Amino acid sequence: MALLDVRDLGVVFKRKGTRPFTAVDGVSFSVEPGQTVGLVGESGSGKSVTSLALMGLLPKRGAEISGSVTFEDTELLTLSDKQLRDRRGRDLGMVFQDPLSSLNPVITIGLQITEVLERHRGMSRKEARVEAAELLDRVGLPDPQRRLDEYPHQHSGGMRQRVLIAIALACRPKLLIADEPTTALDVTIQAQILSLLSDLVSETDTALIMITHDLGIVAGLCDNVNVMYGGRIVERAARHDLFERSRHPYTHGLLQSIPRLNAPRGEPLTPIRGSVSDNIEWEQGCAFAPRCPNATDVCWSEPPELKADDGRMLRCHNPVALGDAVTEGAL
Amino acid sequence: MTDETVTTTGAPGTDAVDTDAGAETVGAETVGADVAGGDVAGGEVAGTSAADDGAAGEDDVLVTVEGIEVHFPIKRGIVLERTAGYVYAVDGIDLTIRRGETYGLVGESGCGKTTLGRGLLRLVEPTGGRVVFDGTDVSTLKGEALRTSRRRMQMIFQDPLSSLDPRQSVESILVEGMRAHGLDKGKQSTRARLVELLDSVGLPESALHKYPHEFSGGQRQRIGIARALAVEPDLIVADEPVSALDVSVQAQVLNLLEQLQQRLGLTYLVIAHDLAVVRHISDRIGVMYLGSLVEEASSDSMYAEPMHPYTKALLSAVPVPDPTVEDDREQILLTGDLPSPAHPPTGCRFHTRCPWKQDTLCDTDRPELRDIGGGHRVACHYAEDIRAGEIGRHEVEPELVHPDT
Amino acid sequence: SERGEDAGDANTMVFGAAGAPKNFDPIFNDDGESFRPIRQMYETLVAYKAGTAELEPGLATEWTPSDDGKTWTFELREGVKFHDGTDFNAEAVCFNFERWYNMPSAAAQSQMIYYGDVFEGFAENKGDASGDPVYKSCEAKDEHTAVLNLNEAKGAFPDAFGLTSLSMSSPEALKEHSADEVTQSGESFSYPDYANEHPTGTGPFEFESYDKSANTITLTRNEDYWGDQAELEKLVFRVIPDENARKQDMISGQIDGYDLPNPADYQALRDSGAQVMIRPTFNILYLGINQKNTPELEDERVRKAIEYAVNKEQLAKNQLPEGASARYQFVPEETDGYTDEVEKHEYDVDEAKRLLKEAGAEDLTLEFYVPTEVSRPYMPDPVDIAGAVSDNLDAVGIDVEMRQRPWNGGFKDDIQKHGKHDIHLLGWTGDYGDAGNFVGTFFGREKAEFGFNEPEVFKALADADAKVDDEEQKQAYEEAAVKISEYVPAVPLTSSPPAIVVGGDVQGLVPSPLTDERFASVSKGQS
Amino acid sequence: MLRFTVRRLLQAVPTLFVLSILVFAWLRLLPGGPATALLGDKATPERVAAMNAVMGLDDPIVVQYFRFLGRILTGDFGNSLITGDPVMEEVSWAFPATLELSVAAMFLAVLFGIPMGYIAARFRGRFLDNATVVTTLVGVAVPVFFLGFLLKYVFTQEMSLLPPSGRQDVLIDSTRVTGIATLDGLLTGEFDATWDAMLHLILPAVALASIPFAVIVRITRASVLDVQGEDFVRTADSKGLTTQVVRKRHVLRNALLPVSTTIGLQTGLLMSGAVLTEKVFAWGGLGTLLEQAIQQRDYPRLQGLILLFAVVFVLVNLLVDISYAIIDPRVRVR
Amino acid sequence: MSILSTRKAEKIDSLAEGGTSLAMDALRRTFRSPVAILGLVIVGLFVILAIISPFIAPKDPYRPYPELKAELTPSNIPGPMPGFLLGSDQNGYDFFSRLLVGAQQTLFVGVFATLIGVAIGMIIGGLAGAFGGWVDSVLMRLTDIMLSVPSLLLAISIAALLPGSQWTVIIAVAMIGVPVFARLLRGAMIAQRSSDHVLAATALGVKRKTIVFRHMLPNSIGPVIVQATLTLATAIIDAAALSFLGLGDSDWRRAEWGLMLGNAQELLSVKPSLAFFPAIAIIVVALGFTLLGESMRESLDPKNRR
């Protein structure tokens, strides 16, 4: 039984005076206990919105959520706000992208950790402080006792991200959602954080949803990868499958266009032409069609379905043939 | 495809494997192996590249930087501002860029890459050192002479939107530089030049009358590039030219830069924090740490055999979109953060985080950047010992860095 | 605290004042806001009959001049005590006269405006004072007879003996509280304790306190008063500088009365049940003419033209309180010296234009100085009045440039000391019932305000003033009035009755033409 | 914290110093110089000369300035031309009145402004929000003195609910302790006096509060909206904290930071408003002193008052900065 | 490929349409909001009225009329009568005409006070922003001090120095705005100075003057314009306050709302409309400018882009 089962999740933003905007559309995936699931895609592809929808953190007004999110037999989307708050932070933890702004600047780090412990684990202030210091120690913050009384601005980005991770893991959640936890950090710090995350997750058997645009991170961390484009999942596969034999022209294109440390030098990259703003709407066809080297008329008129294909899920009329490289110049 | 690359690892890599195998960690070994894979390809390109490691290019130096320093004063004060200290953003860097080559500069955020780039163009005033551009000492130029000298050195910025004046149409953005240097002679010729420029960066003529906000990120970066090209420069300093772009677009711009270099014989100083990007386009790479260069080598050599502990760590930290590589990768994890450039550590700037730190020299003497063979320069007292495997890695107690300024 | 009796209390009256008093020593004051509380605490030798400018006995029961008018003998009232318990007697009277005459400092002398006016000089003139003293000596003939010797006779006497400034103070208190120590720093004056905290007179009310933070002056009933005791136990003056605030406080019952309500508010006040009491008229508003700066104004025809141009009737009606009337001479109707014989230049635009043309002054441009930040009984709103006059002058082709100056911030000085103006708006409220107090003050000698030197006019007035006989004096002033009306040194405009307003339950207040209201007779009914 | 306070205090010194120079220069800028200003236009050349000698105006300007500085540092602003009292003494009588009025107004503005701003933000875009925004805009557009008139008209003339002017009923026999009428009553146990003083205080305080109130509402609203969208609020929500905790500890605390600065800046407006309000309500504070000084060109008093107002304003902003540093740890280090 | 090609064509067409600058864009965004439209309508009507009022005023606003004076006494100011829509003012002038013409004078005071404030402020701020260094320090200290005197006090202390005239009011009120504009412009300029596009221009070798005038200034002007709109509102109110304190214009005849309101204080019980109409006019106009300014500010705020 999956820990988390997302079925047909859709998020539509409606604001007066603007056209409704579908940010997430029919997203389905599931997460098993202890599993690490990746959600990759370029900026604006709907990764964050998906994660916020799972956590029930989207604004109450203006965002319409459809589909279902089952977490341990509980339907999260229909929970009342109060019930949801009981579970958030306890069963579901989340780490956000920007460690600089994700901590409250005017209260101490200690309080920001203990308040979760008090809330969900019923600890007293005192107990919570002891536990908080321990948590900080676990995420590798030197001299944790002193940190408790310090403020976020006294710490560097990497340290703050550790604090955030400590907070998210304070109640040993069953599921941790990490939304680009390292994007704002330097490579060396990123490596620290990623290794910390994967250690913590494997120690506690927590399931992890890793959201990132960096295919490299996914490649090293995730069991299963979902590639998103324009609010929909366009391809899902186990990571080896995905990286070694990507079928969707988008995934394929991405992989081709990233310069690699281990690739032969001097070989020109193969970019995807156009940019995300060239999308068409999914209702009209395949959102990727305007940029797709394989696009045919059907792509412009008929939205492709997400179908099982060779042990993976794929949303494409003209997938890349195995072993076939997509070749087309830029723009 | 990565599989194949790895399996066709050629002979030149063995050196690296050997050296690293001597080291205590297996991690370095693996990295070495991968690097070796890349090296083959590198070798292929090397023939076509202007910047072979050989001494042939030495006399064709375009820019020489000697001991450049940029120290930003930290102003404090009650009545009148006084200088309470300095941010040692760039602290004594020597470097040469040869005509037609691409010099890559990497380093963590805040280590002074941007400042070095700007100091080189005198967009910030260096507090020390010299920059010699094509024989002229730029650091002594003043006023009009400085202004006219700018024609030959241009810059591309990280954020394509904020580097374009939102109130100017593309046309006036492009014409401005030409006008400043008397390059716009007559309506017709200017127009033709504009169209040519746009064409060379892959934009339609219709773009001329539009404003920056009407373009996508990649297109804006193209405008930025066209602006730099408009004055027919020799050197272009590209400060993180692709880090604000989507991954899928980033490749377009990188390709464009390469094409332009080939067509126009440009010289680039490319600044980036993404090692893969730097490696992809650079002939030579300099690694910066806290305001100084810690290592400099040809792109391939750097990748094949990083000498400085910091470079090693940096290279090992880069995630590669290849599960196979990732699965066997052993990382050199650095502890702690980059120290504040206002209070750089004594001696070797890296000693506070260095897993190879020794009890002598490291915290007292600042290592010089020295050539340890084949144009590979490194600023580490123990570079040879580390290479030879005589010094082992050890744990480092993280030191907490309080961010200031 | 004992919650004080509120304004509805029958034994206390709260009266709204427009400004803070300077101090409480009568001799150093010259303004109404200071005089109002002083009048309740002090008395003069001669008093004015309530509601008139006629004389009646005050602290003196009788006053008799010698034939040459140079000696005045006062029979003093017996059994009068000062508030400090000392006796009022001839010694005390002479002490007061001697004190004034011998006032030691320039600062003090400069503040004795009325004394200077009446007695002209000091034993030793200091500072600005320059005249020859009229006062010679004072002897206490017996306990209750004081004899005042003068160097010359003055027509102003005996009326001037009733001036509030010349009130009798307790010699003991004066000595004790070093009353004469007036000092000046810059242009500001500091007054001694006597003037600030220990005013000691003989009047029906005694000084209790002046609370500068609450801006209230509290007087209490003098239980040992020689005459009819005051009805009120307590009399409070509360300073409310803002006109509107005074009105609203009145309407809402916070105060029991205030002085000089804005004519515009009469109706509203009456509607609220208050009594708007119109005083008998005893003032004059005039359009001053300065002959110094503009040669055309030396021409009688031009001055006459100006008078013809002004529609005084309309002005009285439009801009002045009810009961105001147009004036063609400076002496009020009720006062000896008023005559119908004067040349009347009634509103006549054509005549004005004709005269101007004749005088060749068709392109006349005049600087018209107008006071601001002030409201006087004869001109509630100077700017509006000046506006109407300007409109009139415009209509006959005189170009008027209005210059507004704050009353205390330069107007009086510009006019009376520097004569910067061509024409100006000003007026006069009589101090006592004597024609000389009006015309003499204005035209008796050369002044910066009018800038002319016309010996004929000066002489006529001097002669009139010197007459000791009442009937002769009257005649002489009438003749002078005719001369003045022909010469037109200034244009009399209107007289307006100032009003005082009290609550509907207030009885016994008699409005005085001299604004000399005494609150001793006032009582408050239960309402 | 102490260091911050001291540093901030020291920072105020040069401002006040230069201000004193300006005020000094200001009197010297008057046509004819200070002697003429003091003597009025009537000054004859001889009198001006005498005055100049008395005031030491013949000395070098620097000497004069330092003498002036010396005097004002000892609290000697000269004597008022109107009353002849030392300006400082006048101020000491009038200051409590203005303080009482301003504090009351600020109290009202904060007491109602912050909750209203918060509510408007919570109901962003709905009727309540729009109504609040428009109300506050109108509030800013109504001249303070006109609002005073209106209030007086309605509540005293038409409804006879409240006293129209003054600070206290004249006949209330109250003891002056601090000069702040509402407080004095409490201190001495004369509760009727306090009650009476409060009734007098209501209308002027409301009139004076109108603009700071409007501004506080708007700032609070904007600030709450800003903070609501901050990442750390999302973090707090993701921790499953109760709504109350999120709102109180995370949203409001941060949202109040800009509000507190505004409160400091508003004291300037408040003092300006006080001049007008005091006139309308015959309040008898510094504003009244100032108004008289303007009308009667009482330059020593004007000079003293302007300096005093500036000092108060600078001090209030100092206090705000310090309190800011107390709530916001980020400021302290700088 | 038919669909593909038409789509592409459409796409390019839509791109080619462009040519709208950011300012236009902000303006467009501004006028999507009803609040802004209301503000614009009020301001527009006011400006139009200010321009045409001397021509449409039924009577001469600067002359008394015998018909009005006939019934005029201090406690009775004639109300509406044939030919005089709102009756008389306290001087027997046609109140309605004065009210109309008042728009012009009020706009005059507001506009000039604002313009002078903007001009001086921009010179100070521009110098500080363009030069930086000690010029900046000195100038900013100066504005600090101006800001440390409460605004009305500042106006009062200036007005007290000058003889009472319309320009006194204008200058005094203008001074209130000076430090605000100076700081605003300086802040924006300094932000601009370190911005990438200015850096880019420097790198291109564009002359310093050109950079200041073509890049820094134009890009800094937005907040100044917004503030100027808001200042216009407060300038009108502050001018009225000066009149109320008796520091205003000494031309008794001038029909200016602030002055009219100040002069009508004592007449509230006789003819309240003399105070109410100017007051309401001031309030409405100030509200108009405020609405306009606020909505402009909101749409210029980068947070609200898109």
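All chains are identified by letter, namely A, B, C, D and E, in their written order; residue positions are counted from 1 within each chain.
We adopt the following convention: contacts are C-beta pairs under 8 Å (C-beta built on N, C-alpha and C of every residue); 3 or more make two chains touch, one makes a residue touch a chain.
Fair warning: this is a prediction, and the values are worked out from it, not measured in the lab.
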item	value
Per Cα centroids, the chain farthest from subunit D	B
Pair of chains ranked first by number of touching C-beta pairs	A-B
Distance between the centres, which are taken as Cα means, of subunit D and subunit B, whole angstrom	56
Intercentroid distance (Cα basis), subunit D paired with subunit C, Å	40
Chain centre separation (subunit A, subunit C; CA means) in Å	91
Centre-to-centre distance between subunit E and subunit D (centres being mean Cα positions), rounded to whole Å	25
Per-residue overlap in subunit E, given as positions that touch at least 2 other chains	246, 265, 268
Multi-chain contact residues (two or more partners), subunit D	14, 149, 279, 291, 295, 297, 333
For subunit C, residues that touch 2 or more chains besides their own	244, 373, 406
Footprint of subunit C on subunit D - complex, ascending	38-42, 51, 55, 78-85, 93-94, 96-97, 149, 152, 156-157, 160, 163-176, 179, 185, 188, 190, 192-193, 279-282, 284, 288, 291-292, 295-297, 300
Subunit A - residues contacting subunit D, complex	16, 52, 55, 57, 81, 84-90, 92-94, 96, 98, 101-107, 115-116, 119-120, 151, 153-154, 164, 167-168
Contact footprint of subunit A on subunit B as seen in their complex	2-3, 5-6, 34-35, 37-38, 40-42, 44-45, 48-49, 108-109, 202, 216-219, 246-252, 254-256, 258, 273-277, 279-281, 299-300, 303, 313-327, 329, 331, 333-335, 337-338, 397-403
Residue ranges of subunit E in contact with subunit C within the complex	63-64, 69, 72-76, 90-92, 164, 246, 250-253, 263, 265-270
Of all residues in subunit C, those that touch subunit D in their complex	1-7, 9, 12, 14, 20, 22, 185-191, 211-216, 236, 238-242, 244-246, 248-249, 251-252, 254-255, 373, 406-410, 413-414, 417-418
